[in-house]
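The letters A, B, C, D and E name the chains in turn, as written, and every chain counts its residues from 1.
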C-alpha cells in the first residue's frame, strides 16, 4: 500500500527527472553534431564529463550577492521541475499527484518559474545577470497567458482540470489533431519557460551567460540540471495534454509516455538550435499581438469542437 | 469536522510560515526579498486552502500571487531608493502607533473568533468545489462575473492612460494637453507650466 | 577514490576555453571553433583555460590581469603568439596553430588530474574600497545611499531619462577590451538605464584588422581578381559567423566558417542565405535598428556605406572589373538588416566575379587604390570609426546595441598583412575524429 | 496521500539541489576580491549593479495583472462548459470580448513597446 | 485545524497587514500591507466556506472577488505611482499628499 501509493510514484518522478535531464544533454549533443558541430567524444558521455568538471570547479561568488536567494534559486527551479513532473499521469493507475486541479497547478509552476529565474539573476548583483533577469520577466509575464488559454482549451472537452481526465478525454482523438493550434503554441511556451533557443533571453550569449554569467562550479551544475529537468517536465505535460498521454496500442501506457516525451523533447531541442534568439522588445510584441490572439482562436476552436 | 493529525501538523507549520514571512515583509531591507516573503506568505495560505478542500482557490492563489508579486518586485525595485537593502534602513512613520493599531486589530478579531458562536456546517461529502463554483458563475452570480469584466476593463484602460508615456498621440504629458486655439499656439485652458509645477519639492526621509 | 574517478571523468570533458584576444588573435578562433573537443565559452566563470591569443598591448595589461583573476580555480593560462605577463613568465606559450588544440587539451587534463596547479592570482585580495568595520553598521555604508557598502558605492541617479521621463538610477560601467561579444579590443564607458544604453563613449578603439596579403599586393602590382574577391568573401563570411554565433545560430555560424575555410570559385552562399531567411534571422534578430545617416555611412565606408544607399565602390573604377560588368550593389535602409542583406549579396557577387575572373584569367588594373572589405583604401588606409557608436547606440536596448555593433565593421586596417595559417591540418583533424 | 507525494518529491528535489551546492562548497575557500568582481570583459563597474532598475515594459505588467484575473473565472467555467452549453459560450464570450478591448486599446497605445 | 485556529491565523495576518499599511512611508510598501490584509480576509472567507457555510459557492466567489480587488488595487496603485513619480520624482506617501496643494 505504502509502496504502491507513495514510494513508487516518488521514485518514478525522481528517476524520470534524473534520466530525462541526462537525455536532454545527450539529445541536444546529438542534434548539434547532426547539424555540423565538430564531433568530439560520444554524445552519451558528454553530459557526464561536463557535470564532473562542474563538480570539481570552484564555486564563484560576487562582491555582495544575496547569498540565500542565489543558492536557493537553482534548487527551487529544480524543485519546480519536480512538481511539474509530479502532475503528469503515466497510466490510468500510476499518477503521482492526481489533484483535481493539476492543470492549474502546472500553470502556477510556470508563474513561479518566472519568479525563480528572476531571483537567480537579481541576487548575483552583477550587471549582465541583472539585465538577463529583467528581460526574462518580460518574457515570463507574456507567455503565461498563452499557456493558460491553451491549457483551458484542452480542459474543455475533458470537463475537468485534471490531467488524467484530459488524457482520458483523448481516447477517440488526440488533442493535437482536435486542436491543431494548441501544440505549436504550447511548445513556444515550453521554450520560453526553459529559456531555450529563440527565447533564451535570460542566459543568452550577448550577456555572456546572463543570469548564469557569474555562476560557476556546483551551483551552475544544479542550474543547468534544473533547466534540463524543466524541459523534461514540460515535455511530460505536453505529451499528456496534446499527444494522448498513456494512450496507444500494443505497448503499455508508461512506455507510450516515454516515447511521446522523447518526441516532444527532440522537437523542442531542434527548434532551439534552428531558430535565432528573438529580440526582447520584438518578443513581447510577438507574444501579445500575434500569439495571444492565436491562443484565443485556439480556445474558440476547442470550445466549438467540444460542443459539437 | 476532524482532520487527521498530519493535517494538523501541516497546518501549524504553514500558519507559522505565513505569519513569520508576513512579518518579515516589513522588516527586511531588500525590496525583492520583501515581495517574495509576501509571496511565501500567500503560498502558505494557499496550501492551507488546499487542506481545506478548496483545491482550486489554493492552487489559483499560487499563480495569481506569483505573477502579482513578480510585478510587485519590479515596481518596488524601480521606485525605492536602495532597493537591495545594501544599507540597512527603516522607512517607517508613526511606528509605535502602527504597532499598537496592528495589535488592537488582532486582539479584536481574535476576540470575535474566540467568543462568537459560528455554526458548524462542514462541506457535504459529494461537493465538487470547482463545478459548484462554475455553475454559480454562470448562474446566480452571472452579474458579478460580467461586471467584474467591466471593472477589469476600466482598470486596464486606466492603467494604460496613467502609466503609458508614449502613446498613440505622443508622450503622456503632451497627450494630456488640449490642442491650441491657434495652430501651434499654447494649449487651450491650461495654466502656464511654472504655475503648475509650483508646489513641488522633494521630501527625503 | 571517488574523487579521482570524478577528476578522471572531468578530464575527458570538452575543454572550456575563454579567449582573450590580442592583436590578430581572432583568426585562431575561427579555427578553434571547428576543432572537436574544444568549447569556446562566453564568460570566464565557465572556463578552465584562459587563452590569450595574439599580442596584448601594454596598456591593456591591467585589464588582462583583472580578467585572469576572474576564472574560478582550477584554471590555467595559455599564450598563443603572445608574450606572457611578467608574473606568469613560466606559463605555457604555443605559437604553432596546429599544436594549439592538443596543448589546450593536455593543459585541461593536467589541471584535472592535479599534475598542474591552478594559476596564481595576480591582483591583491582587496576590495575595491575598504569597507570592513567602517560606516554605520560596519559594512561600509552610511545613511540610506551613502558610503561604500561591501566595497562599492551605490548606483545613483546621474542622468535624466532619454525615453519615458521616469528618472531612475543609471549604471556606468567600462566594458571590454576582452568582452567576447564586442569586436576584439573595443573598450567603452557605457551608461545604462535599465537595459537601454544611455550613453556610450568609446575609450579603446578595436584592434586594427589584418587583411589578407592580396589587398596589400594590389596596391603594388596587378593581382588576380579571383584571389582578391575570394579574400573579400572570406572576410565577410567570418564576420557573418561572429554575428550568427551571437544570435544563437551556432550551426549556421559553423556553416559560414567552413565555407570561408574551403572557399573557392565554385562556392555559393545561396543555401546559407535561404536558411537565414527561413529561420527568421532578418526578422527576429537583425531587425531595423542602428540606422546610419549618410555622413556616418560614408565615414565607415564599405558595406555600411553601400547598405545605406551610397553607390561607392572603388572596384567600379577599375577597368578590369568594368570588363566583368561590375556594378556595385546597394541597399536602402542603412540599418542592421540592410547591412546583413548587403553582406550576403556582396559575398555572392564576389564569388560570381571570382568565378568569371578565373575563367578569363583577369588581373586588377588599378594599383593606386583598392576596395578592401573594410572600405576604400586609396591615399589612406581605412581608419577606425568606432566613435560613431557614440551617436548610434544611445536609446538602443542591450541586445539591439550588440547586434548593431556586430553588423558594423569599424576597426581600422592594420599596416601588416595577415600571416597565412596552413589550411590542410584542420581538415585532417576533423576527418581523423570522424 | 497525493499531497504527501507532492511534498516528498518537492523536498527531495530541493534538498538535492541545495545539497550538491553545499557539499561541494563546504571545503572551498572564499574567492578573492578580484575574482569576485563582476565580469565586464576586463572593465570595471563604478557602482553596485543593484539599482532602481528602469523596467521598460512596466505598462505591460500592469495590463497583465488586470487581464490575468480573467483566468480565475475561466478555469471553473471550463469545467462546466460542456454541461452548460450555449449559455457558457455566450457569457464567457461577452466577458472575453470586454477584456480584449483592453488589450487592443493597450496595443494601440503602444504598451508592448519598450518605454 | 479548526475554524477558530484558522480565524486566529487570519486575524494575525490582518493585524500585521494593518501595521504595515499604517507604518510604511513608501507607497509600494503600503500596498504590501493592504495585500497582507486581503490575504487574511481570503483565508477567513475560505475557512467559513469550508467549515461553517456548508460549501455554499458564494464563499468561493467572495474569495475570487477579493482577489480581483487585490489585482485592481495593485494595478491602479502602481499606475498612480508611475504617474506621480513622473511629475514629482517622489515615491513616499507624503509626496503624494502634496498633490492637493
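Heads up, the rule we're going with is that a contact is a pair of C-beta atoms (placed from the backbone, for glycine too) under 8 Å apart; a residue touches a chain by one contact, two chains touch by 3 or more.
In this text, all values refer to a predicted model and were calculated from it rather than measured experimentally.
Each step here moves to a touching chain, and the least such steps from chain A to chain E number 2.
The minimal number of chain-to-chain contact steps leading from chain C to chain E is 1. The greatest centre-to-centre gap from chain D, using C-alpha centroids, is found for C. Among the remaining chains, the Cα-based centre furthest from that of chain E is the centre of C.
Chain closest to the overall centre, judged by the mean of its C-alpha atoms against the mean of all protein C-alpha atoms: D.
Comparing chain pairs A-C and B-E, the larger number of C-beta contacts belongs to B-E. Put simply, the C-alpha centre of chain B and that of chain C have 47 angstrom between them.
The mean-CA centres of chain C and chain D are about 34 angstrom from one another, to the nearest whole unit. For the pair chain A and chain D, the distance between mean C-alpha positions equals 14 Å.
Measuring from the averaged C-alpha position of chain D to that of chain E gives a distance of 21 Å.
Residue positions of chain E with contacts to 2 or more other chains are 64, 67-68, 71-72, 74-75, 78-79, 82, 85-86, 89. Counting partner chains per residue, chain C has residues 43, 45, 72, 127-128, 149-152, 154, 163-166, 168, 171, 173, 179-180, 194-195, 397 touching two or more of them.
Each of residues 55, 58-60, 63-64, 99, 101, 104, 107, 122, 125, 127, 134, 137, 141, 144, 161, 208, 213-214, 217, 280-281 in chain A touches at least two other chains. By the definition of touch given earlier, these chain pairs are in contact: A-B, A-C, A-D, B-C, B-D, B-E, C-D, C-E, D-E. Residues 1, 3-20, 22-29, 31-33, 35-36, 39, 42-43, 46-55, 57-58, 60-61, 63-65, 67-68, 70-72, 74-76, 78-83, 85-92, 94-95, 98, 101 of chain E are the ones touching chain B in the complex.
Against chain C, the residues of chain B that register as touching in their complex are 78-79, 81-82, 86-89, 165-166, 171, 173. The part of chain C that touches chain A in the complex is made up of residues 6-7, 9-10, 12-14, 16, 34-37, 41-43, 45-46, 48, 72-74, 112, 127-128, 149-152, 171, 173, 179-181, 192, 194-195, 244-251, 254-255, 258, 279-281, 284-285, 287, 397-400, 402-403, 430, 433-434. Residue ranges on chain A touching chain B, taken from their complex, read 64, 66, 69, 99-101, 104-105, 107-108, 110-112, 114-115, 118-119, 122-123, 125, 134, 137, 140-141, 144, 161. Within the complex formed with chain C, the chain E residues making contact are 82, 85-86, 89.
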